[in-house]
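Before anything else, here's the structure in question.
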Amino acid sequence: MLSSNPYLATIQRDLLLGLRNPGRLLNPLLFYGLVALLFPLALGPEHRLLAQAAPGIIWVAALLATLMTLDSLFRGDFNDGSLELLALSPHPFVLLVAAKLFAQWLLTGLPLILLTPVLGMFFSLTGQSIGILLLTLLLGTPTISLIGAIGAALTLNIRGAGGGALLALLVLPLYIPVLIFAAGTIKAAGAGLPVDGQLFFMAALLVLAITLAPAAVAAALKINMH
Amino acid sequence: MIWDFFYKLASPRYFYAITGKWAVWLGWLCLILMVAGLYGGLILAPPDYQQGESYRIIFIHVPSAWMSLFVYVFMAFNAAIGLIWRIKLSEIIARSSAPAGAAFTFLALVTGALWGKPMWGTYWVWDARLTSELILLFLYLGFIALQSAIEDPRQAARASAVLAIAGLVNIPIIHYSVVWWNTLHQGPTITKFDNPSIHTSMLIPLLIMAVAFKLYFFTNLLMRARCEVLLREKDSRWVQELVIEGRISEKTA
Amino acid sequence: MTDQSSQTCTLKALGLQCDRGDRELFNDLSLSVSSGQWLQICGANGSGKTTLLRMLCGLIKPDAGEIHWQDKPAHQNPVLFRQSVEYIGHLAAVKPELSPLENLRFAAILNSDTPKHKLEDALDHVELYGFEHEPAYTLSAGQQRRIALARLLISPAKAWILDEPFNALDRSGVNVLESLIEQHLQNGGLAILASHMPINLPLEPAGQIQLTN
């Protein structure tokens, strides 16, 4: 049964919707694995080359998989009027949106992280490298979900096949800092250099995204509910 | 008093009425400065002792790179004003800034690549500034694409304003992460005014070109914005009157 | 504490204006509805009925003019305003993957928590008894619409704003809704209904707003 706290109830409801729609949950994961496994086929099976390229490959695959999940983030609620229900509730819309975003990360970001050690094995990464990789994903995937939600909210009203490509155009440039720092962190760790600085920077990006993105998403949703 | 002026200027009709002359004056001034700057840069300034003649592309490259960033900030600022205070003219200005901004960014990229060929032996190197510039181009293209994907002009303006603000917050982050990613570049040449590392005979034409580029941007902006004002207000009485008086033709409206 | 039910409520709109793109949908539109009254908004498709309703409940900001609740601008106390207004648009806001009970419970939590038996009573009232645990995608369009109507039964809001509420309902659904509205008006509520068809309520509407293209 749903919690009586509106924010918890929103999270529960979105998790419930996700679990009753397993395809929505599993397809991005399959996509993630598949994209990552295309690279060895393109680059050749040499272990050293793959281990070196792995962090970048896995991160790009994670970015693209997240991108895939964005369109369904608000589309359903927008099409059936549930978004209006949330906007007209006496509770602050920004917080309800934030609850939805958290649920979205639990449904898409977290499974991605859980699948990563398996991918790491395919790329012959060491246990330590996989640990750092997971740490960057833990700090980075919420940030890219949050930034991506802005793009998803902005393109809500755009129908037709152009919408997905537009979403990618809007969102991918904003992903670059996360990508750079995540890949850089893993590279530095591989070379035996300290990585605290980079990890702190990624945490700072996450804090910034948590503070600003829900407000931007709420504003964008309200614009599109006109 | 100055606020009264801006308040009046925010009315599309008043804006259209007074900026016609401004655009002409700015355009001529821009042309004069551009000829002067190019003459100073391409003919008067001596060749560089290391780079020879090829360095002269900086008279285009550096002002475009400056403008690419300036225009984005200007555009995002206007978009934010339009979003927060619902001022139609600010929306129009933001929308009309984007094409010129994207063009400056593109120009900076192309001239950078052309300069790179003799310097580095290849058109493209993953240098921090060129890479940032490339990302900036995508930010502009995203803004333009979102504007044109939404049909309702006010909704388009508001949605792209949110995007522009998100971009503005991200630009410094993107820039510094790219710099961190690749610190391989010659240091900033221009900002060291106390101890200029370029000769005055090169600096003066460069600054003239920078002013000329800025004037070009504002000329272009005014002309685009005037056009956009007419489009947005095409059903209003004052535009209809302009058509009836024959001041603008039916086709343009 | 004052007794909420005996207090007279008033929803007013003053000089509303709406521009859509370069077209003006309406201009200087004013209305006023008080407890026990209902108002009908008529007009052809595309005349701006939905836009007006969305403006009245606060989803759209008017390009000019204000909405007043209890003679105070609604934006001064948005929480009170949102608690006082229940809007049901032409989209039912029903999640197909959730059961009627879950749908209703979520809608209830967004306003104020309601005990489970009240939710079940409400579903019973709109004749969804026996379907409350089925996923909503197995229900017909009319039944899904009834889930939305059940929201009215548990809502504490005094002002109902309903967009084409009789769409997709069968004869008995129409009867249920009509009696719901009647009850609501008798209890000191007020209602604004948009419809392109005539509405049969025993009580005459306090006014009619005709929107034209």
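The first chain written gets the first letter, and so on, giving A, B and C; residue counts start at 1 in each chain.
One rule holds in what follows: a contact is a pair of C-beta atoms (placed from the backbone, for glycine too) under 8 Å apart; a residue touches a chain by one contact, two chains touch by 3 or more.
Please read these numbers as outputs of a predicted model, since none were measured by experiment.
Student: Which chain is in the middle, if each chain's centre is the mean of its C-alpha atoms?
Tutor: If one averages C-alpha positions chain by chain, the most central is A.
Student: With centres defined by CA atoms only, which chain is the most remote from chain A?
Tutor: So the chain farthest away from chain A turns out to be C.
Student: Could you tell me the distance, in whole angstrom, between the mean C-alpha positions of chain B and chain C?
Tutor: Between these chains, centre-to-centre, one finds 48 Å.
Student: Please compute the C-alpha centroid of chain A, do the same for chain C, then give the distance between them in whole Å.
Tutor: One centre to the other, that is 37 Å.
Student: Measuring from the mean C-alpha position of chain A to the mean C-alpha position of chain B, what distance in angstrom results?
Tutor: So the centroids are 33 Å from each other.
Student: At least two other chains touched by the same residue of chain A: list those residues.
Tutor: Touching at least two other chains: 226.
Student: On chain C, where are the residues touching two or more other chains?
Tutor: Touching at least two other chains: none.
Student: Would you give the residues of chain B that are in contact with at least 2 other chains, written as numbers and ranges?
Tutor: Where chain B meets two or more other chains at a single residue, that happens at 152.
Student: Could you list, by residue number, the parts of chain C that touch chain A in their complex?
Tutor: Touch residues, chain C against chain A: 57-60, 78-79, 82-83, 85, 87, 89-98, 102, 105-107, 109-111, 113, 116, 135.
Student: Residue numbers of chain A touching chain C in their complex, please.
Tutor: Those in contact with chain C are residues 1-6, 9-10, 13, 16-17, 20-21, 76, 79-82, 84-91, 96, 225-226.
Student: In the complex formed with chain A, which residues of chain B make contact?
Tutor: Interface residues on chain B, with respect to chain A: 83, 135, 138-139, 141-142, 145-146, 149-150, 152, 155, 158-160, 162-163, 165-167, 169-170, 173-174, 177-178, 180-181.
Student: List the residues on chain A that touch chain B in their complex, please.
Tutor: Residue list for chain A touching chain B: 147, 150-151, 154-155, 157-158, 162-163, 166, 169-170, 172-174, 176-177, 180-181, 184, 205, 208, 212, 216, 219-220, 223-224, 226.
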